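Just so it is clear, A, B, C, D, E and F label the chains in written order, and each chain counts residues from 1 on its own.
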Amino acid sequence: MRILIANVNTTEAMTETIRAQAAAVASPGTEVIGLTPDIGPESVEGNFESYLAAVAVMDAVVRYDGAYDAVIQAGYGEHGREGLQELLDVPVVDITEAAAQIAMLIGRSYSVVTTLDRAVPQIEDRLMLAGLSARCASVRASGLAVLELEEDPDRAVDAIVEQAVQAVTEDRAEVICLGCGGMAGLDRKVAAATGVPIVDGVAAAVQLAESLVRLGLSTSKIRTYAAPRPKSVAGWPIGPRT
Amino acid sequence: MRILIANVNTTEAMTETIRAQAAAVASPGTEVIGLTPDIGPESVEGNFESYLAAVAVMDAVVRYDGAYDAVIQAGYGEHGREGLQELLDVPVVDITEAAAQIAMLIGRSYSVVTTLDRAVPQIEDRLMLAGLSARCASVRASGLAVLELEEDPDRAVDAIVEQAVQAVTEDRAEVICLGCGGMAGLDRKVAAATGVPIVDGVAAAVQLAESLVRLGLSTSKIRTYAAPRPKSVAGWPIGPRT
Amino acid sequence: MRILIANVNTTEAMTETIRAQAAAVASPGTEVIGLTPDIGPESVEGNFESYLAAVAVMDAVVRYDGAYDAVIQAGYGEHGREGLQELLDVPVVDITEAAAQIAMLIGRSYSVVTTLDRAVPQIEDRLMLAGLSARCASVRASGLAVLELEEDPDRAVDAIVEQAVQAVTEDRAEVICLGCGGMAGLDRKVAAATGVPIVDGVAAAVQLAESLVRLGLSTSKIRTYAAPRPKSVAGWPIGPRT
Amino acid sequence: MRILIANVNTTEAMTETIRAQAAAVASPGTEVIGLTPDIGPESVEGNFESYLAAVAVMDAVVRYDGAYDAVIQAGYGEHGREGLQELLDVPVVDITEAAAQIAMLIGRSYSVVTTLDRAVPQIEDRLMLAGLSARCASVRASGLAVLELEEDPDRAVDAIVEQAVQAVTEDRAEVICLGCGGMAGLDRKVAAATGVPIVDGVAAAVQLAESLVRLGLSTSKIRTYAAPRPKSVAGWPIGPRT
Amino acid sequence: MRILIANVNTTEAMTETIRAQAAAVASPGTEVIGLTPDIGPESVEGNFESYLAAVAVMDAVVRYDGAYDAVIQAGYGEHGREGLQELLDVPVVDITEAAAQIAMLIGRSYSVVTTLDRAVPQIEDRLMLAGLSARCASVRASGLAVLELEEDPDRAVDAIVEQAVQAVTEDRAEVICLGCGGMAGLDRKVAAATGVPIVDGVAAAVQLAESLVRLGLSTSKIRTYAAPRPKSVAGWPIGPRT
Amino acid sequence: MRILIANVNTTEAMTETIRAQAAAVASPGTEVIGLTPDIGPESVEGNFESYLAAVAVMDAVVRYDGAYDAVIQAGYGEHGREGLQELLDVPVVDITEAAAQIAMLIGRSYSVVTTLDRAVPQIEDRLMLAGLSARCASVRASGLAVLELEEDPDRAVDAIVEQAVQAVTEDRAEVICLGCGGMAGLDRKVAAATGVPIVDGVAAAVQLAESLVRLGLSTSKIRTYAAPRPKSVAGWPIGPRT
């Protein structure tokens, strides 16, 4: 099985972090391929950047000429999953939703600890759209920007742990989701510090993508995610910028 | 006052229809400027196209070098309004939300009659995200594609009336919103045939955009719609395609 | 255009404050007429008083023999708008709902800062009934009675600012609505102190009433707001008390 | 125990029907006193009439000089209960809410069958405000005006049964509430025809009023239903019209 | 009238406390019979114990060979009421739901103060299933285990009062429900200390059970609570353990 | 990996059907062990039977003395999963929830097609409790009893297809979940007849159970699903009946 995992920003080092995290939890025989968009921001923080990233991911995926059995979009709370589902016949899994689903299997309620305060509304909205917010206790911000996570992992763990503890005690969360693709790999450290299960979205998405492939299931094409109608689309795909 | 009204597709004739409808209801002294994206589909039907259109509208707006006091995004149920709100200091009004708000002022519940069946979930989702779905009785599809509206307005009126009547009798709607930017101008015909108030989103958006400007109000920049953080954004703006 | 703006209490000085605020934001050519009920409380605080005020406003409006194009009910969280919509053919705008709608156009969530604690549930209920509560972050009380607002505007601003700041930081509101007709005119002071957009319900209602008139739209009469059926109504209108 | 049951309209024959129904189910030792407002419509159908009736009931109750232990407001879906709760120290029970509560004890979901189509939104709104709509399957109109119920009880039963059957089969209701004070006494006939339990609001309210009195409980005065503040209230009480 | 009130645990002293509380509020002529399950935990705290208790209560009830007119299940937030409704033709009242209903008649919102923190989610879930959570302000834990209530009533009152006060001031509850069958009899003490009405579930349930019997109403058998289909059920009833 | 899959009824043939379906989709190296309760009904249809089955499954699991890495409860819409989560340290997956989660990954909304009409409310309630109902379009009954599925699979497919088609066209479902453990293995036939993805809960649960084990995650013990407190539990475990 081959899983294409798309980073949502243009920072290749983060793509590699995500790919490695995915590969580490993939089953034997599953190959994980990392994909970095050619256009868009170096980190995705806010709606403008998220919309641009959504299109950049679609652009990169449609221009990718290898074979794959499933696609994972590795941005937390970002736009775009629905578009990929229209464009592709293989399953598409968003890490925000994957983490929430896994969390709901192991606790009555979950919280998400993410990066900046401005990411909170986007994550809340994506969970609401996915129908996964009923058991979401809270979405909390650690105050760290996406790229700061890479620069100082220890500080990241501290900031995440602080919010995770508050989510458990004040918001009554029973499971914590790490709310950023760039947090991949921090789950064990945060679990040790908080005593509750920690879900990493990338790892969760790999399991769910593999599950869909094994079940022989993919996106329903009956209505919402039907393939785009044939028509003139100016400037598409956007392609590499020189 | 100058209002920039952005079509979401690349069909210039539709931009002109929308602009003319907006100008017809604008107050004396308000200038309405139509804007057509350089990239994207000739009509927007589905999530892939809608995401691309969202970015195309942002691209066109940031590259527009004239002055304006407010922006209207004239796509029904389309993505992108949040991104424009981040990028701009002037108010941004989406026709989907404008129509719903005006409808809620004049009836206990409203329905939207749109184009294709696949547009229904997107409109439902946008209304939910905007917090305007509690009094939405239904979103119904006329079965007409966006471009068919322009080609055969009489057939369009018939198809819209049929769904509007069902919305009133079966779904208990008391007001009907015309759920497509391309339906601008059909409101009086549909009202005559159904006996309930009909809200055209473009006209509604012009009134609300003017209202915000007169009130001296614009988007709150405190959290969700704060300006993008300074960073490297590859390939932005996308610019004209040659 | 002539807009009839009805105070909900019998304090004529407050009617004049409200009328002046409305006139200040009305478009050139719009005449604003203040209306004071003949019966009811000197200020409206609580359900008994609100129900009485609702009937008093209807009574005053049906006995008013001038012409008008729209009616604004200038009580925050008060009963009665639905009754006026049945009795009249022109649009009716409630300031509670107008403020919420304008707020939702410029921020992801809004809070209301009102007078006494006992007003909070009524405002919450009116927003719920109007379908406008999904993006309401909170309704907060400043602790000031309605008539205290007039007596000591500086103290009013301080108390409102304190709650507004908490709404923004704790409840994550991005816009604040001034939750009392008697707060008209305080918006600029509170905005300066808080840094978020402040919506005055009276000003918002004037814009929306003008919008409806310009759009040629009024209340749907198909079901909920159909005119009252012909029947014997004892003691109606109540008329002036001597 | 003495229970004051207030009709919401000025039709004394209907007051007597309601009073008799209440007395028939009251416990031995409970005296039921009927009260008819002096002002307001002969039947209450719509918001204007309902608001007027709300005030008329409050007016009649505060002018009633006898002793009583509880008050029942016998209008289905009508305004006003909150105002009575503020004015009185004894418990106040609304028949709409009483019927819904009893229904929820004996079935997973319930429907209300009421009079005219225009009454449906009001009943839905009152149930929502009371927090009782989660298990409400539907509110259906029989098409009969309030006064027609008295004139032709057989036709009333037929029309109610037709809607009740549809509520059970199509809306999956398991209990039916008779949605009009004037339907008091029809419960057994409708039950025989439908095979599901039928709840009469008047009878339900008598039981709940007696329950509250026996439990020594009455309205919480801590916030929403605190007594009105001392102030000048013009023209109150309204008093008898001559 | 004879009411069978089932304790959910096997502690006979608690059955007697509950029975006495029920008898104290029952009408003259109502006999209250206490029932203790033969199997299950000495106190019910958590889902495993609650499921076992649900079956234990059903087992005890079906093996009880006396006559009765209604059954009360006297566990707060426990499973099982739906099963009893299927097995029996007489009304079944759960004390969790009874308390919530009575509370909603006398205040705009209510809170529940229960025993251990782990009981909170179960109570929330039962209220949600019963459609009674819309006006639930909060469910709070006093931190006392069920059996500690019996051992040290004074400490119990203190712990309950502390949470009740916070529910009123922070969660804006206007009525407090005592969230444990073992709290029966503490209502007056807590009311004196808090100033808001206190609802004891056992007392509330007795009133509602009597109400249903007087109204001649019992569980609808049309769908959800139809009698079990005839079939082989191994090991049922479970019977006394020796 | 060893997965224990518990049938909820005492029909061993159905246990074998379920076990075989699970084994067919399990990964190489995963052993699936079927478990049949000693007590309870031959098929589970309704709340009484479901509560008894919940306890019977817990009883069988705690008495099972083999090793296992995860437990699947293979009853659709049945009670009990929360209790197992308290009793066990390994992950517990309910097929109702597993099917819904997988369905939500591949379509915007899903419907469940189950057996008898009386199963519908239970499934709706379990989905609501699990926080998975926001994207549930409907739960529909085929009208077949559980044991009829085994007796006449062709008739079962026809009845399921009929409801599935209505769910897709009328309720706008995009994915169908087979709502009975006994429907295991019918998914391909129903998919062929309807053209939308069909999710079998047993297969879905196997994937999710394996996913949790691979991720090293299990139930959070912080609050709701903490292990039962040490105490006297009469008659537990219930043990085999002779």
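Methods note: contacts are C-beta pairs under 8 Å (C-beta built on N, C-alpha and C of every residue); 3 or more make two chains touch, one makes a residue touch a chain.
Since this is a predicted model, take the numbers as computed values, not measurements.
Counting the residue numbers used at the interface between chain D and chain E, over half appear in both copies, so the two copies meet with largely the same residues.
By residue number, over half of the contacts seen at A-F repeat in one listed pair from D-E, E-F or C-D, namely D-E. Between chain A and chain E, the centres computed from C-alpha atoms are 44 Å apart.
Centre-to-centre separation between chain A and chain B, using Cα means, comes to 29 Å. Residues of chain F in contact with two or more other chains: 108, 120-121, 172, 223-225.
Here chain D touches chain C in the complex through residues 10, 37-43, 45-52, 54-56, 58, 79-80, 82-87, 117-118, 120-122, 125, 128-129, 145, 223-226, 228-229, 231-236, 238, 241, going by the rule given at the top.
Within the complex formed with chain C, the chain B residues making contact are 25, 27, 91, 93, 97, 101-102, 104-108, 130-135, 168, 172, 174-175, 195-197, 199, 203-204, 207-208, 210-212, 214-215, 217-220, 222-225.
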